[in-house]
Amino acid sequence: MLSSPFITTPGSVSQIMLRVLLALIPGIAAYVWYFGPAILVSIALASVTALATEALMLKLRNRPLKPFLSDNSALITAWLLALSIPPLAPWWMVVVGTAFGIAVAKHLYGGLGNNIFNPAMIGYAVLIISFPGHMTHWLTPHAIGLLELPFADQLNYIFHGILPAGLTLDAVTTATPLDTLKTQLHLGLSVNDIREMPIYGFLGGKGGEMVALGFAVGGIYMLAARIITWYLPLVYLAALFSIAGFFHLYDPAHYASPMFHWFSGAAMLGAFFIFTDPVGSPTTRQGKVIYAAGAALLTWLIRTFGGFPDGVAFAALLMNICVPLIDAYTQPKVFGMKGDGK
Amino acid sequence: MKRIARSTLQTAINLVFFAVLATAILASVFFLTRDAIKKSEEAEKMKLINQIVPSTLFDNNIIKDTLTIPANELLGTEDNTLAYRARLKGEPSAVVLESIAPDGFSGRIWLILAVRANGELAGVRVVTHKETPGLGDYIELPKSPWIKNFDGKSRAGYKDADWKVKKDGGQFDYMAGATITPRAVVKAVNKALVYFEQNRDKLFAPSPQQSPRPLAGEGKL
Amino acid sequence: MNLQEYKDIFYNGLWKQNPGIVQLLGLCPLLAVSSTVVNAVSLGLATSLVMALSNLSIAPIRSYVPNEIRIPVFILIIAVLVTVVQYLMNAYMYGLYVVLGIFIPLIVTNCIVLARVEAFASKNSALPSAMDGLAMGLGLTAVLGVLGAMREVIGKGTLFSGIDLALGDMAQGWVLHIIPDYKGFLIAILPPGAFIGLGLLIAGRNWLNLRAAQKARSKPAPTPLASPEAAQG
Amino acid sequence: MRTLFRFHGGIHPDEHKLESSESPARRAPLAKKLVLPLHQHIGNGAKVAVQVGDRVLKGQMLAGAQGMISAAIHAPTSGTVTAVAPHPVPHPSRLGGLCIHLESDGEDRWIALAPLDFHAMPKSELLGKLRDAGIVGLGGATFPTHVKYGLAPGQRIDTLVINGAECEPWITTDDRLMREHAEGIVRGIEVLRHLSGAAEVLVGIEDNKPQAIAAMRAACAAAPIEVVVVPTLYPSGGEKQLIRILTGKEVPSGGRPTNIGVACNNVATAYAIHRFVDHGEPMISRQVTVTGNVRVPQNIEVLIGTPLAEVVACAEALPGTSGYILGGPMMGLHVDDLHLPMVKSANCIIAKSGQLFPPPPPAMPCIRCTRCAQACPADLQPQDLYWFAKSNNFGKTQEFHLFDCIECGACAYVCPSHIPLVQYFRFAKSEIWQREREAQSAEVARERHEFRQFRIEREKQEKAERLAQKEKAALAAKPAVPAPLPVAADPNADPDNTLQMRVDADIARANMQMRIDAAVARAKEQAAIVQPKNTDDLTPHQQAEITEIETRRAKLREIASHAGADDEPSKSN
Amino acid sequence: MTEYLLILVGTVLVNNIVMVKILGLCPFMGVSKKLEAAVGMGAATTFVLTLGSGASYLIQHYLLGPDLAYLTTLSFIVVIAGIVQFTEMAIKKTSPELYQILGIYLPLITTNCAVLGIPLLNVQAKHDFMESLLFGFGGAVGFTLVMILFAGIRERLEGADVPGIFKGSAIAMVTAGLMSLAFMGFSGLVR
Amino acid sequence: MITALLVMIGISLALGAVLGFSAIKFKVEGNPLVEKIDAVLPQTQCGQCGYPGCKPYAEAIAKGEADINKCPPGGEEGIRKLADLLGVDYKPFGEGAAPKAKAVAFIDEQTCIGCTLCLQACPVDAIAGAAKQMHTIIASECTGCELCVEPCPVDCISMKLIPEDISNWKWPYPVYALTPVRNEARKVEAS
């Protein structure tokens, strides 16, 4: 049945997804620059797993492989997941997280476009809950005078779980800046004292802040390419800034500055790449604003009071739950229903 | 109106009949099993006590030799608890205390600890906790022997600064990535020892009052 | 009641109308205590016992209970039975009693108990009712057992851990370590694992049914994909 | 300078207008055989007014308007009516419709024509004349023009909007018409202005037609008509959108322009009115753009009923043509069969080729990117409509305002997943209509059933009463016992009430009888003209049933003929 | 005040009775296919649970005391059944419209194990009267909240291309699982 | 033991009184559900459900005596609507109960002997005619219930499929590559 319209735009899903991948590259480059190439190993591992899982699930579901394997969406899931777990995570963790995200959160719901939950964040949540120990060992940034593990040894640890003799994992890794802030605050230090520690830079964690900047650059490219709408990231960042700012002003010793919240953890990644996942976010403009503001509040709450070092992933999942309702209650007025019809 | 009253009464009586029947059955079973229940609860407690108080240390019926301790900040308790006294030939040899570490990673950690008369720890066990399985749960004995670190430690041997995990400059080991849990436990044990120092005499006083209800703390077990 | 009818009762309870994966009743204990096989099966058996007894004792009196107090009276009876079971466990299986915790008294409100009383015992005579209660209980127990095994193996790499709580100290050596040196996959023994595991079991049952139906028809299922030509037509 | 308003969304596809807009419009040669569908407009089809075999003159009415929303059909040329029979018509179903088949005699002889002094006659008469002249909107929906101006009491039109936007790509008929016949269009607008009584007349033209704008400006110079240039943005030519652009008012959802005091007509409609009023010519032809994969893209004046093949032949389709679009690429209809006749709604014929209209890539799932929602001029959420239509959740599609969709296709155009969104919406709409029809007939059936129950009950009662009466009479015949009073002692029975009920029932029955009569007549009429033709794409099951019935009938006939009194062969189908 | 607020946040989000405590699942799965039904069930449960928590506190403290603790389950459930009946009656009398909406859900509440679970947890945690009330109310609000969110998701899932064998309750279970995974994000917010 | 009994007697006496009172005072009146169910049924009055008409079937459903999958003219859509209304699961038609394509009765005018038997059978008065005269079906009123076919002594009534024409044509479900065919049935109908 051929029916109008008979013309379409040349764009395609795989092209959109490809551009998202491109937009991730500045951040990844910064990552490699500051923390070494181990992250590339995770990304590669996650990508292979994602594609393999995708293929397997498509086969089981009796769907054609080619169009879906080439839509690049599984790669985004893989990259985002790899970027949100420590580069030193053992290989099987990367595999388990990616496979779980793609198989359960994506394909049990019908694959691309049908999922309720963000597959990458489901993968992350499963990992941090199941293997919290591994999930809190992050590489130290270059050149801050801390012990660094050579790349070959990193590989050895990722694939065999072996560290060079005499080294403990603790010696060559740190908790993330957010994590450290939280534990040190518990010990009674003030924010300012903690920020004096060597892992912190001028905005957030050393290195991490640059990575976040890289993601922001990619995000601006996506805005320019009209892949994402401007208000979702803007509202998210603005809301996070205001909440954090309010409490920082109220008690600077106990609440980190808004800039710190922006540039540490996954805030930038979240603002531009995670919360913007079109499949899991509301479609109405008003809905997106509510979603972004809610996500910001949850991020800050979990970061500040919760049990996890970063709140972005759980904020995304919790807001995913609310999306159908948000959508239902924020339907815009249609043509001819605005005001008095004048 | 009369009809309503009659039906109301009838229904009520009907229900009362069943209620009486039910209560009677229930009460009988309760009384029949009461002793057995008490026994198994005591046996359970004894098992725990036996783990931390060497059998060479006492010859009395520890379970029966109790002292009610009111809620105390040093023990972290908010309710009455029982102290069990071990005596060898009538001489006090050790006391078993309950303590709560309030600042575990996921809330409170219930501890039971035995202190010898000389202020040395005979043993510490975690009774209940909600720490992350696989991460913070190495304080449980079956998972790791970490808790045995406390055996033989005392406030005479370690100064206050030593009652900390090594990461914070103290003497106690910890598992990387999960420092919060041991921190809480070490702090709680140290405070319990302080309590022991302060109340030593009271604790070992021969008790005139035998507690009528040996089931305190059951809610937590 | 003939043999066939009893067979039907059991087939219903164990498969066709299985409370856990078909009727979706009695879910709370099913999900909450299925982190190990031992817990799961113990609670399942306790529930089965209560169900059989409650059906057995309610069926004979069903015609004497006035309609308006039917539910309170049924619940009263169930509550007595549950409490009796609770005391017995408290007295003679203390460890297990502590582990199962609040879920023993909650058998009272376990929907499946009242559902069977209402749906079966209030319409049938005593013996078939007891059988129905037992069958449904065992159906629940079976699901509990499978789910427990799944979660335990994936979550901890063991089977039958804690069996000493149910069978006494002599059973301590019976714990199987299926996967040696297993790191543990915590999610499986946390609530999410319970939900997802049950989801997988339900899907598994659907799959078995589907396959049986396909075999019965013994011809290939219609291809689920439209050919590209169809797009143009 | 007028302040213009924006409507939400809109798209700007490649225009492809220059191909056909630069050469003057020609006239297509006269075809030998013309086919005129009776149903060329929204509303009821026209009612045939000629007999097979009649010789007719050009401009003679062949079928008259039937009912309120309907318009007449006229002979496009002189010739003979050869049949009134189904013929494939331009419709997405590819089904046939009833058509008048006309064989031209080549003389192209007009019936006597006379111009109209429209000022001199009452409005209602003028409207009737428009209807009988077959004037329908040429802008798209072919809505009979007279209906738009038959205002309900209390309604007023303040603004008349003349639609010269021609926003769809490829189409240039309005453009050419405005360049070549601006004077005529303005004459037509004068008639519409008179009809509507509008104080303000606005002609909206997209800014990509400078020559047309200039021509119209020149023609309107003397009249109180304002030519407004609107930005090129599809679908600015949609009635609601154009009204919004020009006046800032929104036609209420589910409402019509008249609700906000606006009327809207297309320029070609205005021109057709001019031809009728000033020359007496009914609507027998229209101008159509033939473009796409053809050698000489151009505009052609074509008689209604001309086979499309002959129209396309004027422009010479090039090799590689793989079908045609009747209408524009955004809203048009795909046709393969060039036997289809030219109809009043056809403003464009585009020859498709793989190069110009590559088949869309396979559709992917919706990723909720909301590009469609951003493009939708009706402010809808196409991704949600699609989600629900796809899963047959029609209740929800209605909640999400499916019926405010104007099927403009902007959403499908921008969709990166290439989902045929509009097709889903059409599917959902027709399912809902079907359901409404079914619900209505269920309602009727229920009423009829209840009425029947009531009737049977009453008849029983009456019978019983009659019996009782008889008995009573019998009793009365025996004068021994004094008869009781005839009024029933039942205190509940209110005699007036029962009487009322009976009267009601009688009225109902009379009504029913009228309906039945009408239905019988209708059924007869239909049986006479429609040869049920739906035997070639039946399911095997249906086929089997039909054969079964046929064999049964055959047997019956056999028995009947054996009985053989008056053995007229049964002519049942 | 802050303390009560924390109890509320704790029971509604952090220790949500469905997602974390795993209670009340049968109505959660059974009555969440439609949004309106979910709202109705939630409202009815909230009413009964709040009343039930208060009433059971009174019974526990003024009727049973420590000596009759073995009657706890029995008396609680009987009283709850009574409250359900009473609620049904009261609503029917005072607001027929509300009864139209909630009517069919009320009898189902008796077998919602949260309704007995929360009073029992109250006893176990030695809550005082106000805390018991809040605990009951918060638990019910948490129940209602996830029920409504879940119903929204399930309505949307109807259009999803879910694999055949997962259609219906299987995918609903998986969804509930992923929801509880997300709810774990609240852990630690209120200790 | 005595206190236990007294407490339980007290509780149950109060509860029983409340329930007994409410049972009399608030008797359930007529069932509005029947109307709602009846509104969903197609009103063909064909009796294929095993009840003498749509309303009786509706009453049977409301009482819980009949399944919801017994009305072939209602089609799957009808079952779905009933399932929605009653909050139960969708249930497919049993073997041999599948709905047929829509049809209307047609009387062979040559054979009809005017016996009025069909006229009496038609539940919606869709047959016009009088004794000894040729009868006609009023196609627009005929629901296609087939009840008139059986009684005709000369078998002159047949059911005719309603032909598809432009006025009742429906847009088909869009089928395109990559998307599973969800509406097998609909496609067959529409093609």
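A, B, C, D, E and F label the chains in the order they appear, each numbered from 1.
Heads up, the rule we're going with is that a contact is a pair of C-beta atoms (placed from the backbone, for glycine too) under 8 Å apart; a residue touches a chain by one contact, two chains touch by 3 or more.
Note that the coordinates shown come from a computational prediction; the quantities given were computed from them, not determined experimentally.
Comparing the centres of all chains, each the average of its CA atoms, the largest separation from subunit C belongs to D.
By number of C-beta pairs in contact, E-F leads when E-F and D-E are compared.
A summary of chain positions shows that the Cα centroid lying nearest the centre of all protein Cα atoms is that of chain E. Each chain gets one centre point, the mean of its Cα atoms, and the points for subunit A and subunit C are 39 Å apart.
Note on chain placement: the centre of subunit A and the centre of subunit D lie 53 Å apart, centres being C-alpha means. Separation between the centroids of subunit B and subunit F, computed from CA atoms only, is 67 Å.
Subunit D and subunit F, compared by their mean Cα positions, are separated by 33 Å. Residue positions 92, 362-365, 390-391, 420, 423, 426 of subunit D are each in touch with at least two other chains. Looking at subunit C, residues 68-69, 72, 76, 79-80, 83, 87, 183-184, 186-187, 190, 192, 196, 224-225, 228, 231-232 sit in touch with two or more other chains. Within subunit A, the positions touching two or more other chains are listed as 1-2, 63-64, 67, 104, 110-111, 114, 126, 129-131, 307.
Interface residues of subunit E facing subunit B in the complex, by the touch rule stated above, are 70-71, 74, 78, 124-126, 187-188, 191. Interface of subunit A with subunit E (complex): residues 60-61, 104-105, 107-111, 114, 116-117, 122, 125-126, 129, 298, 301-302, 305-308, 311, 313-315, 317-318, 320-322, 324-325, 328. Note for the complex: subunit A touches subunit D at residues 1-9, 11-13, 15-16, 67, 71, 73, 110-114, 229, 278-279, 281, 283-284, 327, 331-338, 341-342. On the subunit F side of its complex with subunit D, the touching residues are 41-45, 53-54, 77, 101, 108-111, 123-126, 128, 136-141, 143, 154-156, 158-161, 163-166, 168-174, 176-179, 182-183, 188, 191.
The part of subunit C that touches subunit E in the complex is made up of residues 24-28, 31-32, 71-72, 75-76, 79-80, 82-83, 86-87, 102, 105-106, 108-111, 114-115, 187, 190-196, 198-200, 202-204, 206-207, 210.
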